[in-house]
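Chain nomenclature is as follows: A, B, C, D and E, assigned in order of appearance, with residue numbering initiated at 1 for each chain independently.
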Amino acid sequence: MKTIPVEAYFVVSMVLFGLGVIGLIARRNLVTVLMSLELALNAVNVAFVGADAHMGLVEGQIFALFVIALAAAEAAVGLGIIIAIFRYRYVESTDEITDMRG
Amino acid sequence: MEIVRTDFPFVSLSIAIPALFSLLLVFVNERFIKPLSLIGSGITFLLSLCVIYLFDYSRGAAVQFYEEYVILQELNIKLSLGLDGLSLLMYLLTTLVSLVAIVWSVRDKQINFRLREYFFAFLMTESFLIGVFASFDLIVFYVFYELTLIPMLFAIGVWGYKLRLYSAYKFFIYIFVSSLFLLLGIVSVAVVHYTDKGSFSFSYFDLLKNSYPMGFEIFLFLLFFIAFAVKTPLVPFHTWLPDAHGEAPTAGSVVLAAVLLKMGTYALLRFNIGLFPEASIKLMPLMVAIGIVTIIYASWMTIVQNNIKRFVAYSSVSHMGFVVTAMFLLNYEGLRASVIEMFAHGMTSASLFMVAGFIYGRLHTFNMENLRGSVKFMPVFALIVATTSFAAMGLPGGSSFWGKFLTMLAAREYSYSLALLVLVGGFFSAAYVLFMLKTLFLDVREESILIHFTDIRGFKLASFVMLVLPMLLVGFFPHLFFNMFEGSINFVLKNLLGLE
Amino acid sequence: MDIGQLVGDIRIPRLELFLPELIVLITAFMLFTLDLVLSTRLKRVVLPSLSAIGYVLALMSVGITIQFQGNTFYGTFTNDYLGILVKVFVLIITLTVLAFSYKYYEAKNSFYGEFYYMLAFTLLGAMILASSYNLIIIYVSLELVSIGFYILTALLRGSFISKEGAFKYLILGGLSIALASYGAVFMYIYSGSIDLRGILSYSGQDYHYLILGLVLFLIGFAIKIGAVPFHFWLPDAYQGAPTPVTALMASVGKLVFFIPVVRIMPLIQDKFSVAWMLTVGVIAAATMLYGNLVALVQRDIKRLLAYSSIAHSGYILAAVAVTKEIGLKAVIYFLLVYTVMAAGSFFVVAMLERAEGWNNEIREFSGLRFSLPYLAFSFLVYMFALLGVPPTVGFVGKALVFMALSFDGLWWLAFIMILSTAISTGYYVRLIVLMYMKDREKNVTIMGKSYAELVSLVFLTLLTVALAVVPGVIWQLLSPAASMLFVR
Amino acid sequence: MESVVAGIIIALIKILVILGIVLGVGAYLTWVERKVAAHIQRRPGPMVVGWHGLLQPLADGLKLITKEDLFPRYGNKFLYNLAIVLALVPATLVFAVVPFGPEFELFGYQIKPILTDVNVGLLLVFGLGSLAVYAIAIAGWASNSKYPLIGSMRKAGIIISYEVAITFAVMGPLILAGTLSTYEIVERQIEQNLWYVWVEPIGFVVFLFSLLAETGRVPFDIQEAEAELVTGFTVEYGGMKFGLFPLVEWYVEVLSLSAIAVVLFFGGWSPINIPFVGFVDPLFFLGAFSPYVWFLLKVTLLFLFILWLHWTLPRYRIDQITEIAWKVMLPLALINIVLTAIIAPIVWR
Amino acid sequence: MEYIGFLLFFVITLGIALVMISLNWLFGPKTPQEYEDYPYECGVPLYDESAQTTFHQGYYLLGLLLLLFDIEAAFLFPWTVVYRWLGVFGFIEMFLFILILTYGLLYAWKKGALNWQFEMEEV
């Protein structure tokens, strides 16, 4: 089987990461923002696993596992906070949560 | 520099006593505050007299009563305290003026609230000021130098006059920010020591041996100079002073003008000229020019002032101009002139501020127009005012005479035109003092309220006397004082000449 | 591939190195369990006291671990002087947070058992983050601390801004972690190692991956510490969070987020000294200038302190730019003492927030000296410390930074630092002037002071001065900590 | 190159076989179900179309195809159709990792009767299984109507609850087998002379429950709940689109999960097992076909068992269903893992 | 290699699905009527065009729980595969892991996250 060049993984992961970051900055919906964050973290996983496939090591996969787990934890906390925000008022966009300025 | 260690910790005691008394004030009953602070600063003053008595004048250049306590081994920071001739004079000035300020405050009507803090602040200032003049470790010096700011900030801000908040703010920002340059300079000097010798040291004695490339030395000189120029103050940096001095309570102005300004000039002599002799020689023309500009500009500003406190404040600036001009002439006469002028100005400016404060107590105004003829009906007070003014003007027999006279002599060594400029400065200072005297004494005023004024007496009289006597002492027996710092000046000159 | 070989031989970890963390971990689980089983009335007593006991025990065990140093858990956990020093401060600050939080939450009518064990878990994360070179461990502990902060920020009943702050913090914090771990990928590609020491001492031909990785990794941490182009979340998170938690974020958070950077700083400088100096220098300059300038116009005290915290990140970063050992010492010292100053100042605000009708506005500080003389005094001390006036720790920190800058000849940075300190004088002194020199607008009284918080406040205030006046204590550990990290 | 072509051809043949089984058998299972249900309820069931209604599925199909293509007015057309794809494709793809029998040699090629024997086969199953929830959620959302939305949310809630339970339930066999490949799991069971159901009864029960819940079989058919929600998330679907959902859920998924259950707990294609002793094969006379028959037999039996449950039990309430998942099934699964970890060394010897 | 088969399978099933979708469009009658494509509401006229509002927060909580437990499962899967080689130590570590997981479950249980009928907490 021909090996896939490591750069290919990086291109995929960079695209994913870029999308994640762009989504994080440009999107307005709270949950979408959170999902963009997850996308960025998953880009990290792709890159790690690709790197492992390239080098024949396992540390990257371990890292990816931890990233998966903690990204989930972060998403859980994020959802919790979003629910808490919704309980105070119905917010559709990040533009609406600007009680603090300065 | 020679070091003479001591068995008995005079210097640290005289730093500790006011501090301890001030801490004591926090806990005592309201009634004991004034007596206790009087006792505290009195003891310190007596201690300073003891030190003067015990000082070995034959070895004036040596640092005597030297003590050393390690603070941080790692960076070699030591609490090294001691007194050479120059410090000794400043030390005496500090204890004397602090005592005067406290004696004055006992009967100051303006000070009728937050007494505990007031005397706390003044005792702390005394302690810190002694620390400034006695420390031979640059970091410790810096710490004391900064610390004096805090009680003064409060003195101006809490017990000052109408614009006190603005003035306190301005005072603190100017001095604090400028001193950051000093801090940068100090650590840079230590770093140079580290790169040369492989160990840190902030000790003045170690750093004296440093040598720098010329450009870098000028850079360091300027770092130090900015801080001290603001503190002194020299002309482009002087704008904080009229506000701070003008709005401070009388005792605060006294301490500010008499001692805090001297920190600048003292440090210029001790650190700028001591540590960077080559740069000093190189920058001499610039420094002298700044000094001359300060004299003339400040004198002009003095003459146009309406407010008597600002008047005295600007006159202080012009006197500082004399001190700096004389100092940076970098010859024997000049250094002598500048040091004696520092001391002399300490007396006269303190005294003039107290005059202003006393009159304010009577008339509740600082406006010269309203003070016309006010002194006429208080003969003792008039005598004091006259003595002080003439001393400040530089009349022979007055304390400032020697400063101005020797400055001219020193300037003549370079050129007659420079001497002429100094002379013009002297004329100006005479002019504004005479102008003030004319306003206070000679102008006629119809209102009869002045007649009912009682003359000065009690604590206030005592505080004046304590200043006027040394003033005359300087005027008539200058060698008592010259002897003190002769050695130090010779040391500085040797340091300068060794390079040429 | 034989799985048996891959698994390798299993070694029992040297748990004595891990003792403080272990104690905190056990405490956290006990708190967790007790929170589930106890009644609310009992919880209010048991949870705080149990946490306090746990942290004190941990603090004592940190003292024990000084004699055992080294690596454990297959080299992923490193117990060295730096870690010990950080742990001591982190534990002390957390104890004080505990002391202040009790009455604060009582006044806000917002008792959550979660607070206590999230605090413990955050502490655990902070302690582990302070003592590891391993990217996985750094990542996990970073997340642990961050998630702890997100939750603690949101845990305030009836406050919308707390949720808002938590959300903003979460998004930017998540981004920072994503960036840092993305950087970790490239460093891993470069060297095939996930140990930072291994990565940076690996001498590969192709530096591109390393540079890319380091840049991303450091940007991640720059977001966490609020360095300037990445600071947006910080004021909101600080303002929104319950004030004791803000204190925790400003002190412990800032400290431990800096530590991985501090650990690898000498190694990076070994490779890219000039580029490092320039980039970090520019960021530091921007950070301190921006933080101070914006702080100048703030009306809310918590926001003001938040911007001052950004500015302090700038000061510390200035020392990070330095390539000499003294720079390392300056960074560590400043970081450690900043925890004390920042925590102390936020604690004062936390106490004031309990006063009737207090809105955290700056003008409310007018004449505070008359209403609450002791509180005003300690705030005064913190303000002087943050400003850098001797004889406080802030002064020593700034002096050390100046010294470090002077070592490397970074004069421009030193002058920018002076300039920004000058700007900062404006708002610090304004507070002092308001408190001590203005008449009071209204009488501020704080209901129900507890001894724990009074003792803590006095302790922190004393520490602010004592660590500067008697510096030997801290330098005894600081100096070997820096020397051990410094490679050349 | 040649081997690649051969591999592709073999794969295509396998795919055809699987599709035949899945869709053909799947469709005909509707008839089976109706018959079984009818006989459980003592009625004949479909009798009209063909002999004993044997052509009924075809008639149904034709009827569904010739319905008008409707689309709810306020819905999202793309998502509406995507939901169908998401329902059908993953459910069918699961069969890719189901091993039907042991490896054999044909025309010189070693052939495994499994489409893709990858070392993470079981993960693939769960990965694809998780996609089912998207189909349902999207279907409800895209319809933009109240009943579908409520139905889909309920169903999604149930699926994600049991997703956890099923994940933990399969870990017992995994510990014993030490591999994630479905093919190897069966091989291990044969090596160890043990159907894992003997040591993993708890795991099996949890798995069975989850199977029922995920496929929406009674007693967990709350998303249908005709009495309350009409037909739940499929309300707005019509014609063949409507027909696909029950086909996928009730037949394809049940079949695939049953097959996985057989693989995990009943030794795949192995004959009857006496624990730790060996296997008894009453169908020895079938020779090489015996494993396939065994496998299909076990799957069929399991399927019939599920049908039996469907037509005898009443329905649970939604809260009961989710609470059972978290409060009973999950702890049981966790206990099962620990117990298995303890007894595993005995199994390995 | 195995994945090529999988890919083929995927493409084919996708094709089948698309065909299935379009069957009705191909063979069904096309007789549009005014109300035939209205959302089903048991015959009651619509008062709200969109049903896509926020839903009960209980679903979010379920989602959170799934997220957390499924992720923990991601850690357990590798462990199950290599458990044979890990020995007693592996058992202890995973026992602790599961214990912590159980803690999480207990927490959710105790806090009422597992109950379907959630009461709105006072905010």
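Everything that follows uses one rule, which is that a residue touches a chain if its C-beta (ideal position, glycine included) is under 8 Å from a C-beta of that chain, and two chains touch if they have at least 3 such contacts.
Molecules present, by chain and UniProt name: A = NADH-quinone oxidoreductase subunit K; B = NADH dehydrogenase subunit M; C = NADH-quinone oxidoreductase subunit N; D = NADH-quinone oxidoreductase subunit H; E = NADH-quinone oxidoreductase subunit A.
Only a predicted model underlies this, so the values are computations on that prediction, with no experimental measurement involved.
Following the contact convention of this document, E is the list of chains adjacent to both chain A and chain D. Grouping the chains by touch while chain C is set aside gives A, D, E | B. Each step here moves to a touching chain, and the least such steps from chain B (NADH dehydrogenase subunit M) to chain D number 3. Note: the chain lying farthest from chain D is B, by mean C-alpha position. In this view the innermost chain, defined by its CA centroid being closest to the centroid of all protein CA atoms, is C.
If each chain is reduced to the centroid of its CA atoms, chain A and chain E end up 19 Å from each other.
Centroids built from CA atoms put chain C at 43 Å from chain B (NADH dehydrogenase subunit M). A separation of 52 Å divides the Cα centre of chain C from that of chain D.
Centroids of chain A and chain C (each the mean of its C-alpha atoms) stand 25 Å apart.
In chain A, the residues that touch at least two other chains are 73, 80, 88. Pairwise, the chains that make contact are A-C, A-E, B-C, C-E, D-E.
By the touch criterion stated above, chain C contacts chain E in their complex at residues 3-4, 6-7, 10, 12, 29, 32-33, 36, 157-158. Only residues 6, 135-136, 139-140, 143, 146-147, 150-151, 154, 160-161, 163-168, 170-171, 174-175, 177-178, 181-182, 184-186, 188-189, 192-194, 235-236, 239-240, 297-300, 303 of chain C touch chain A when the two sit together in their complex.
Here chain C touches chain B (NADH dehydrogenase subunit M) in the complex through residues 384, 387-391, 395, 398-399, 402-403, 405-407, 414, 418, 421-422, 425-426, 429-430, 432-433, 436-438, 469-472, 475, 479, going by the rule given at the top. Partner chain C is touched in their complex by these residues of chain A: 6, 13, 17, 20-21, 24, 30, 33-34, 37, 40-41, 43-44, 47-48, 51, 54-55, 57-60, 62-63, 66-67, 70, 73-74, 77-78, 80-82, 84-85, 88-89, 97-100, 102. Residue ranges of chain A in contact with chain E, taken from their complex: 1, 65, 68-69, 72-73, 75-76, 79-80, 83, 86-88, 90.
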